[in-house]
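Below are two complexes that have chain A in common, paired first with chain B and then with chain C.
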Partner chain A sequence: MGVTVLQPYPLPEGKSGAHIIDQLGKRLLALGATHSGQFLVDCETFISTPQPHNGAPGRAVHVLHNSEYPASTFSIIDNGTGKQVSLVADNIFDLLMLKMTNTFTSKKQTKIESRGARFEYGDFVIKLGSVTMMEHFKGILIEIEYKSCVILAYCWEMIREVLQGFLGIGVAKEFPSYFATQTIMTAMGQQQLHAKHNDIYEPMDTVKQYLEQFTNYRKHVALHGGMVSGGGQGGPTVGQPGVHIPPSSMVGMGRP
Partner chain B sequence: MSNSVNISVETTCENQIREIGYDGTELYQPPPTLSESLAKCAARIDFSKTSLDDLKREEKSAAAAAGDEDNKDATQFQESLWPWDAVRNKLKDALTEICVLSDVISIAKDKRYLVLDPLLEEGDDTKPIVQVYSRKKAISQAAQVLLGGAERLRNAHSEQRSRNVSDFHIELLRLRQNWRLKKVSNAIIGDLSYRTAGSKFGMSGTFEVTKAEEALDDDTVSTSSSSSTASGNNGMQLKASSALRVIVPAELQGVAYIKVITQKDQEDLCTAQVNLMGHGPNITAQVGVWQKTLEFAQNVLFCKELFAQLAREAIQLQAPIPHVVIGNQIRATLLPNIQLIISLCHSTTFDSSLPAPINDHDHVLEHSLHQLLREVHYKNSHHPFPHPASAPLGPTKKRMLAGPMAADRETLLDMTKTQTILEQIIAQAQHIFMRKRTQYVLDTLARDVKDPQIVSHWNAMNSPTMSCVKINIVTHGYDAIGRTSLVIHVKERSLKCICRDGRVMRLSYEPQELRDLILCQINSHQISCLISLARCMAWTVLSNSNHLGIGKVEPLGNASSCLLASPNSDRMIAVQIRCDPQIDVKVYIARSPRQDFFPSPLVPEKLWENLGGNFKEVRFDKIEGKSFLNKMEFLMASLTSNSA
Partner chain C sequence: MDKLNSTLTAVKNLRSNVKQCFEHLADGTDGEGGEESRNKFVHDFQERFGAINSQLREVEQLINGLQVPPTAYSLGNTAYLAQETSQDRQALYPQLVNSYKWIDKVHDHSFLAFNNLNQNTLRRSYNYCSQKRQRLPFSSFNNDPDHIDKLLSEINTAPHTSYRIFRPFGTNAVAIVTISNVMKAAIVFKGVLIEWVTVKGFDEPLEHDDLWAESRYEVFRKVQEHAHSAMLHFFSPTLPDLAVKSYVTWLNSHIKLFLEPCKRCGKFVANGLPPTWRDLRTLEPFHEECRNC
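Then we have the complex of A and B:
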């Protein structure tokens, strides 16, 4: 259980997701990684049925499972204003949610999952996941875990190097958006800068990253559904933090 | 008529209640005054009937009733006879009857028409003496009954005290205090199995309790009394006369025990016996023969269960060298050439003599096997806490917490790995063997190597599969100068050594590896202590090396060396220590300026004589001194010149 970073992989035009995954898998095997099974991360969202009257969005409960922690169910409550409460529970939690159908309804159409092959590469565990929502392919999400370290700040450079090495795209130097410095309110009521990349990593952080990515993929649906034609370049940059897509001639270097 | 009797008839003096007050007081109507009653009666006069005939009739009836004189009121007011009519009739009837009676008596007195005869009564013809006799007989019969009962009680009481063959019921009570019994139709069945303790063994342990057939005749009474006076310890023969008998199943009769032997190439290294006997308080002296029978039978059952479990596991487990199960023996390989033999010994001849004690009786393995099976029983019947209301019962606490703690796959897989009894006992036996071997190596080394002393401290508390020993290598007299320590963790098939400088080395079960390691440590100990000693003596350490790489190739690493210079720099000492089978020390000294410098055309100046001479070997074994460091100290002291 080490530091895990999620990296969405931008789909180049004209290639299908399965082809890309196949290609990346072959690269990893050529590097010397061993294929060790499949993985699955899925997310189901429940919205609170009585909509509040003041127009604020109802509370959403996200229930996620991660095959890396098969005995646990993760759950995050989102009350619309950005505050999140997270929970790690036994698998019986799913049965509990079934009983809560009066208060929470499940929006089946937003059930989203990331599924694919799992590779072990020395101290790293690399998962190539294809994200699907209701059988529609949404994108490719790469998860890389460095098992020996529990603080991102100590190993971010190494993870970035490995990612760049086998993905072939550039990865930004800054920490991923999930780990960026945030302002939080302390118990005294003061605002304080909190650097998440110095915290000890927990399995809940993996799940929260997945939720962030899944939310972005869901917003893509909304965005793409809203957008009529063309101009798709500027659009979906929201959901891909930390990915810098340079022109092919320069990788990590300045302009010629 | 002259003997008239006065009869007075009067009303009850109850007045009608006129009113009841609110506080319960009753207001009576005042009795009617004379004038009121007169008025009442006058109102009753029926003037239509006032004829003489009526009046006469009423007079007659009044006169007829005059014999038993009426109330004056009745004669005065004829009209008021009507309320008194009933009274009058009754009185009239009474008068009639009395008249008749008087007539009859007078006639009877005359004895002419009526005679009065007395009734014949039976005379009281029983004499008092007969009464006395009958009473006496009755009482004596009652006395007989009572005396018979008392006699019986007294007999029973005296029998109780005098005889030593107990009553069947007393024995049954004692049996019931120790074993589980129940009554099934006519027979009493008991259970001596471990089923209530959690065992799932198929063999049933039911026994039957019956009354002993032999009656209490004189022979047995005499033998029992003689045996009680003798109070001998003749084993089974002492309490032969018990009132009840237990019948155990045939397969549980006799005595059984499990024997564990560690064998090295046909040579017994250590043995262990598992036997339930000898545990628990010795109660056989108080209760009868049946207690020992039942205990032996329970022991047989326990040993059979243990052996069956071990045999089943031996067949199921996949070991590098497969386990062999032959008859009532299980052979498992601990280490190459070392075998563990577990056998079930069951003798049906009831021999009270214990088997001959075997050397190196290993109580630890015996106790372990017993404990392991009891642990299996315990786990079968007890579920680990917590007992949640909403989750399945059975998983351990770690597994229950695995969900909320987000345990990953490897952790969960580790939780599912369990060890069988056979694996555990093999691990324990392997560890015992490794420990013995390590102890042997360390002890022989400590005995053989006298120069630095090897002190080993074994931890008092250890687990069945791991022990720790701390080794200190010190030179006698120079403890403050330096000490080399290392810790050795003795596991089941390997050793792990942790040196003071942090190096961790993993050794296999070969004893030679440990020996080599200790020798190397001695080697480095000598050099490091020498360096510290040189500093104390004000000698300068020019260089030292732990691994020189010179000389012929040795199996045990290479020489370590040290180069020292005297305080005046006019002498140098070079020390080289090798450790092929024995510690081999070579010391060389050199002096500067060299004695054999002669100016030559190539090197004309005299100052080149200060470069230092050749090294010459010292006969180190001839130097005075108890130990290497001692000799080096003397050497350094002798070479230190006191020139200013």
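Then we have the complex of A and C:
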């Protein structure tokens, strides 16, 4: 287990996702990396029912699986105000969620996953994932892990160099947004600056990064979906926006 | 089976009779006796010849009475006797010559290796001393635990680095060094002399019962290789305390293992590895490939 950084890859105009991934895979192999199987990260979101009527955002439970940790189910409870509670459980947690349909209902249409090839290069593990939601291609997520280091601040420059090396695009010198310095409340109720890049890395951090990216993709869909259906595709689809994520739950899933 | 046996016995009898008959012929007469002895000789011969004839008939009869066996007889190892035994066909000779050559070579090489290893100064703890040059034993062998404790407490000064010392092998100490959140190293002492170093990642277990397993990460396996060569470099029989101190200082320079780019090429990653080599004098980081060019 080591530091993992998730990097969305901007899709150039007029190029298909499969083509880009193919190209990146070839570049990695030319660099000396070896192909080592496939990977899959999926995320399903459950929304609390019934929804609160006072306009407060509903609570959401995100359940994620990561093929790197096949025996675990990760879940993150989001109370809608930005506070997140995370939990790592055995796979049987999925069955527990099925029992809780009275209070939490699954939003099937937001099931999102990233899957693709896994490469190894020295102690680096590089995953080229294509993100799909409801079988629709959404974008490319590059995951890069440096297994032998547990603190991002130590090895960020190394990771950045490797990323730039095979992506062919510049990567900002600053730490990724997930690791940026945040203000947190201590147990004593004081506000304190917390440098996340100096923390010892945990598998949960990988999962949280995926959730952050997945949420961005969903938001993107919600915005564009609304525009398309409002943009005059005709009668039947006008009523459709409701099928997409309702605004209230949208706020619950994203960070405020 | 019985028939076969009696046939074989009959053949044997026939052969011995024939042999006796020929021996008798070869002996001949004594040459001095007159007609009588010559007649006796001829008569004897005729008798023996008649016996041979009758036995030959008997053998023929027995052979005719033999039946073809329904299955092949299992003859065990004797079956191999019928196989080709000619030396040329079995090609034993070239193999014998080859193995002889090899044994000769092994003998030569081991003799040279033995001589070389005896001259090697890197064999440190069990020094082979010839009788001519009897030296005083090195002070590095002194096994005084108090002295080692004092030495290790003196080097226990660098911040971010913690030392845990225990003695699983009697008086010899093992120090587990944790360098910041980067890596762990187990230094096995013999007296004041460093015998072995194991380097592992920060998240890998390194306990006293698991001192010899290699790290699962390529970078720390490489660092361990370099740590071993540095261990030999810093070895000093006359100033063992200084050797340990400079070695630990060198080891501590790995605190920036992932943070510093290579001094020569200015890059962080080469061949998937950070600069794993630290210069022995200046402690500057280099890639393994860059350090010699």
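The rule is simple: the second predicted complex is superposed on the first by the 225 of 256 C-alpha atoms of A that agree within 3 Å, B and C clash if a C-alpha of one lies under 4 Å from a C-alpha of the other, contacts with A are read in each partner's own complex, and residues count from 1 in each chain.
Convention: a contact is a pair of C-beta atoms (placed from the backbone, for glycine too) under 8 Å apart; a residue touches a chain by one contact, two chains touch by 3 or more.
Predicted model, so just to flag it, every value in this text is computed and none were measured.
K.L.:
Based on the superposed arrangement around chain A, label chain B with chain C as either clash or fit.
P.N.:
After superposition on chain A, which the two structures share, chain B runs into chain C.
K.L.:
Of the partners chain B and chain C, which touch A:Met1 in the superposed model: first, second, both, neither?
P.N.:
A:Met1: touches chain B and chain C.
K.L.:
If you stack the two complexes on chain A, which partner ends up touching A:Glu202: first (chain B), second (chain C), both, or neither?
P.N.:
first
K.L.:
According to the stated criteria, A:Tyr69 is in contact with first (chain B), second (chain C), both, or neither; which is it?
P.N.:
The answer is first: A:Tyr69 touches chain B but not chain C.
K.L.:
Looking only at contacts as defined up top, I'd like to know whether chain B or chain C touches more of chain A.
P.N.:
For chain A, the partner with the higher number of touched residues is C.
K.L.:
For A:Leu11 in the superposed arrangement: first (chain B), second (chain C), both or neither?
P.N.:
Neither partner.
K.L.:
Which partner does A:Leu167 contact after superposing on A: first (chain B), second (chain C), both, neither?
P.N.:
After superposing on A, A:Leu167 lies clear of both chain B and chain C.
K.L.:
Just chain B (first), just chain C (second), both, or neither: which does A:Asn91 touch?
P.N.:
So A:Asn91 only meets chain B here.
K.L.:
In the superposed arrangement, which partner chain does A:Leu29 touch: chain B (first), chain C (second), both, or neither?
P.N.:
Neither partner.
K.L.:
Using the superposition on A, tell me which residues of chain A are in contact with chain B and, in the other complex, with chain C.
P.N.:
In the superposed arrangement, which is not itself an observed complex, chain A uses residues 1 for both chain B and chain C.
K.L.:
Touching chain C in the complex: which residues of chain A?
P.N.:
1-2, 32-33, 121-124, 146-151, 154-155, 157-158, 161-162, 165, 200
K.L.:
Which part of chain B faces chain A closely enough to touch in the complex?
P.N.:
On the chain B side, the touching residues are 390-391, 399-400, 402-409, 412.
K.L.:
Taking the touch rule as given, give the residues of chain A at its contact with chain B in the complex, in rising order.
P.N.:
Listed in rising order, the residues are 1, 68-74, 88-92, 202-204.
K.L.:
In their complex, what parts of chain C are in touch with chain A?
P.N.:
Contacts found on chain C: 181-182, 201-203, 215, 217-220, 257-259, 261, 267-269, 271-274.
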